[in-house]
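I have placed the structure first, in the form of structure tokens, so that the comments after it can refer back to it.
We call the chains A, B, C and D, going by the order they appear; numbering starts again at 1 in every chain.
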């Protein structure tokens, strides 16, 4: 009798083991991610300045936030930056992957060249880009000393164009990674399908547009998720390249949030901007996650 | 009480019932084949025997002790999977020895057992290879070896031959049959291929939509399918199912069937059950195997109930040993099996012989066999 | 792998040792952002001094954004209940922290050493708010300086401009001669540094105090302020096209390399000249921003002491005394380019510019013309400072005209209060 | 890559030349910043001040490299980056191993032991990849203080593990999703338990995805600045903080050559990881992580 009840206990443990093993990770995520999100949400409703305070003030911080001119600038910049960055990375990554998939003899050398920027920290590559784009001693200067006296490239100094230089550097960092994802996707496609399509008379362009690209859907999705995540978190790069300038022309939500929370001692407003950022991330990610989970449920 | 008892087993996923009160008893040494179209629940039942799925209600017993709650590894069963499920990171030898190792068998003993089984299956030269270096047939053998080496109470096979090409499948089928004859281990084998079912089994359980349709020896299943589904599913080509009507014939009761021309003909029932005698006028479905509607030369001369029939041939299909001939009977297209050298041609009338001693009748509404 | 093991073993041994020892080791942990050669070397003087008194110096440098990173780190450390012993801090950041009740009380040491008598009141405002000494000031930087290339001045026969008009005349001449008249880096704090000086020069000391320290609405919205913005726009005409985002030291290099005539920058610029082997008076000139003579805009680096356990108090007090010792103040400021926070120390160890700075500081202190620099966090809390930067930078980059800038400024300051 | 498969299109010599040209132009684009850093790290400061940053050095000096490594002023001590390198190593190795291990076992549970609510759990874990780290600084500091890990390498490891789990779990879940369930069943029948199946069957077959995960985690953790600066003590600061101290001192002479040399030094481990395992990286991505 005793042995049977103890073996039943063992069975119970066995049944619960997976959940049990998963639970520490899950508990950590609940506390360190969702607990902290709630905490931030609460802070955004308080008069916290230098350090967290728990005096409730309602929605005043949000009112202030929405009235701030460069919060709007930051959002607008994120839209421009995010849109361009994601689409250029995807297009460039895809193009490189397709080109690299044409039995290129030096692929082994080219691939790491395209990939390595992802390995570097922006604390200094940002500086290198800043140098390179600086008209005084960078590309423009070099081209002029080479005799192209009319050559001009001063976007980084131009209030209206500076955000695009950030796009250039950011694309530089991540497009190689996207290339790797697409390359992996391409290598996973059944070659017989491609042969069949060629026999069916599809031209090169048609072949890729109609046959290959639709099969890269998972790679597109993964790339999109990774890029969105990077776009929204972009912080180091902006700080290293323009520090939000010229003026405040390249402020993005991440730099905004950091500066209000930590530099300006307006933790309440900073938290408010964080909450809005999270809401934006959620609005993009939740549909993706939903699709992901539904698919997971089927298998 | 049988060796392996499946008693009133039901499986629910949420509110969906996928298995309905299955009752099967498998005797020791028997080779039971679970057959049915995909989605009929046969694999689920197999997995429940293995302990890989929880039994929603009912009981599974081996040697008369309940195993519902027993961990898969303690049930003393071994299983061969459709995809073979060979551990990709281990050698063939490692794959075969893994289960023994898990059961705490010493290394030297493991080596001896693996060697023995490898020789039996003629895979000794493969023992040091990785699964990725093997052909499909070799993998199949290794998968069987892995199961054999455990010397279990019960073997479970989950569509083990469906990933092989046609020739290999036939060879392996024979191989499995030989092994079973030699070892005599109780086996439950799942397949959707009715030929495999017929050739391998000592008994067949036909399933559909989570219900057990019929269980019996291959001959029973073939000769006396218990309902229209079994009749249509088993046999290749399947049993002809011909709408007919019971009438009073010149010699007892008979069945009225329409010919190609639309004329009606009467086929006398051979030893009809007494219950049918007063059911004149009832619509039934007449089940006849293709070989029971054949040319006079091929007919079974020993049959007590051969009846001639003249009908128009629609098309003939030559298959070497047999020729299949299509005709219209009872308003449906039916298949006859004739000798390979029979000289019939399309669009001509030919005389056929119907062996009414092999006829079975079904009720069109309940679809059950009328005994 | 072996090395890793050895390190681990050593670490373990160290743990055993330290937990086994009975006497609490005297040690201080100092969070600061002086990481470059000169200033770090200067700080090393302090470290050596403490070590000679048996106090271990645990260095916690976090550079970046004039202490922005360090302040973030500080917040994390204080929140974790793991505050450093002392933290380098500027102006209003100190006052912000003094309100949080996490700082130490240095009154005992201050009394013994008579700090009250030797530290200018304007600095005491930060080091001793509400009657309690919480920080030891290290230095005083002055921000209303002009740094000029002497060769260009000689070549064009220019003398040091003393008034705004003279300045403009000089700038015009430099520009006409084909040099960049004004070396400048378009970063918010650099724009702010120039703005500070222009406010002081245009409105005079009282106006500066009203607008930049007291945040008086009338002053912020006044016509004088409009003139200030007009003058900023005027200066904008003397910078090169590439100024945006340039680091201040690159701008200084332009003056050093005879590409540009002048730079308006704090006294730390001197370090760049010195490290390029240039001599004050011979290769470069330092003089007060025209029309601001006699007044000094300052920012002062201070070591703010955080409340630590009793056993760390003696070490902390030793650190405070060391910081305030004349020897350290001399040694440090000689390297750093700033002047001494103590007004009673012999300044002859400093170079010519430094000596002048020390004299200016004493005089300005006496005549109440020593003001906290807005651009460097000594004029107003950081929220307001940033708001002012927003407007100044936007205007300097041509986002709106002077009249609009005045309105924006008043509104922004109001909103950030 | 294997020679047997071939997605390449039949192309003329002209198009192939075009393809090569395009690929080379992009290679130049990707190499430019590294080129700028490398050439300038080999110049003297005077040469950098004097002129063209795209020009090759007139005379090569390795002085900046030596200085960045062991004599540059990081704080009070002219220690160079050397001591901080070890701090980073001591932090990165356990953090990468633990987060990879947890990701693997989580992925295993989520795909092979699906239980009620696992989907929601996974969704919540995945979403955690996307929170901006700035918001967790203050509460995380408090938690680390409470559990006594403030200012320690262990604390940093904890932080990196927690915020790495989301991605590592995602990688392994997608990989194991494609891993046949029948293998797990076979192992169960063979008598292997929950952990044994993981150790003996899944983990040994996870090479490609382990490579991807380690590369991803190693890069992110090694390059992290925010957490390293905020949660480390004087004796546990990682190399990125030291590098930042080297390059972004606010008032002082900027030795760009030393900065660039230091930057490359600090990036060497990640660069090596990328270059050495780049081929496995694509293979690993292929093996599952780009499948939805």
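Definition applied: a contact is a pair of C-beta atoms (placed from the backbone, for glycine too) under 8 Å apart; a residue touches a chain by one contact, two chains touch by 3 or more.
Predicted, not measured: the structure shown is a model, and the values here were computed from it.
Put simply, the chain farthest from chain B by mean CA position is C.
Annotation: C-D is the more contact-rich of the chain pairs C-D and A-C, by number of C-beta pairs in contact. Note: centroid distance chain A to chain B, computed from Cα atoms, is 56 Å. Once the centre of each chain is set as its mean CA position, chain A and chain C turn out to be 37 Å apart. In this assembly, the C-alpha centroid of chain B lies 91 Å from the C-alpha centroid of chain C. Counting partner chains per residue, chain C has residues 65, 72, 75, 79 touching two or more of them. In chain A, the residues that reach two or more other chains under the touch definition are 14, 51-52, 258, 262. If you check the complex, the residues on chain D that touch chain C are 49, 73-78, 86, 89-90, 137-138, 140-142, 144-146, 150-151, 229-231, 233-235, 237, 241, 244-255.
Residue ranges of chain C in contact with chain D, taken from their complex: 4, 7, 29, 32-41, 43-44, 47, 57-67, 69, 72-73, 75-77, 79-82, 247, 249-250, 253, 257, 268, 271-272, 275, 336. Within the complex, the chain A residues that touch chain D are 14, 17-19, 21-22, 25-26, 28-37, 39-40, 51-52, 92, 96, 99-104, 107-108, 110-121, 123-125, 127-129, 131-132, 137-139, 141-142, 145, 172, 176, 180-181, 183-189, 191, 194, 204, 207, 212, 217-219, 221-222, 228-229, 232-233, 235-236, 254, 257-258, 261-262, 267, 271, 274, 277-278, 281-282, 285-286, 289-293, 295-297, 299. On the chain B side of its complex with chain D, the touching residues are 47, 50-52, 72-74, 77-79, 81-83, 85-90, 98-99, 102-103, 146, 150. Listed in rising order, the residues of chain D touching chain A in the complex are 1, 5-9, 11, 16, 19-20, 22-23, 26-27, 29-34, 36-37, 51-55, 102, 105-106, 109-110, 113, 115, 118-136, 138-140, 143, 161-163, 165-166, 169, 173, 177, 193-194, 219, 222-223, 225, 240, 243-244, 247-248, 259-260, 262-263, 266-267, 270-271, 273-275, 278-279, 281-283, 285-286, 289-292.
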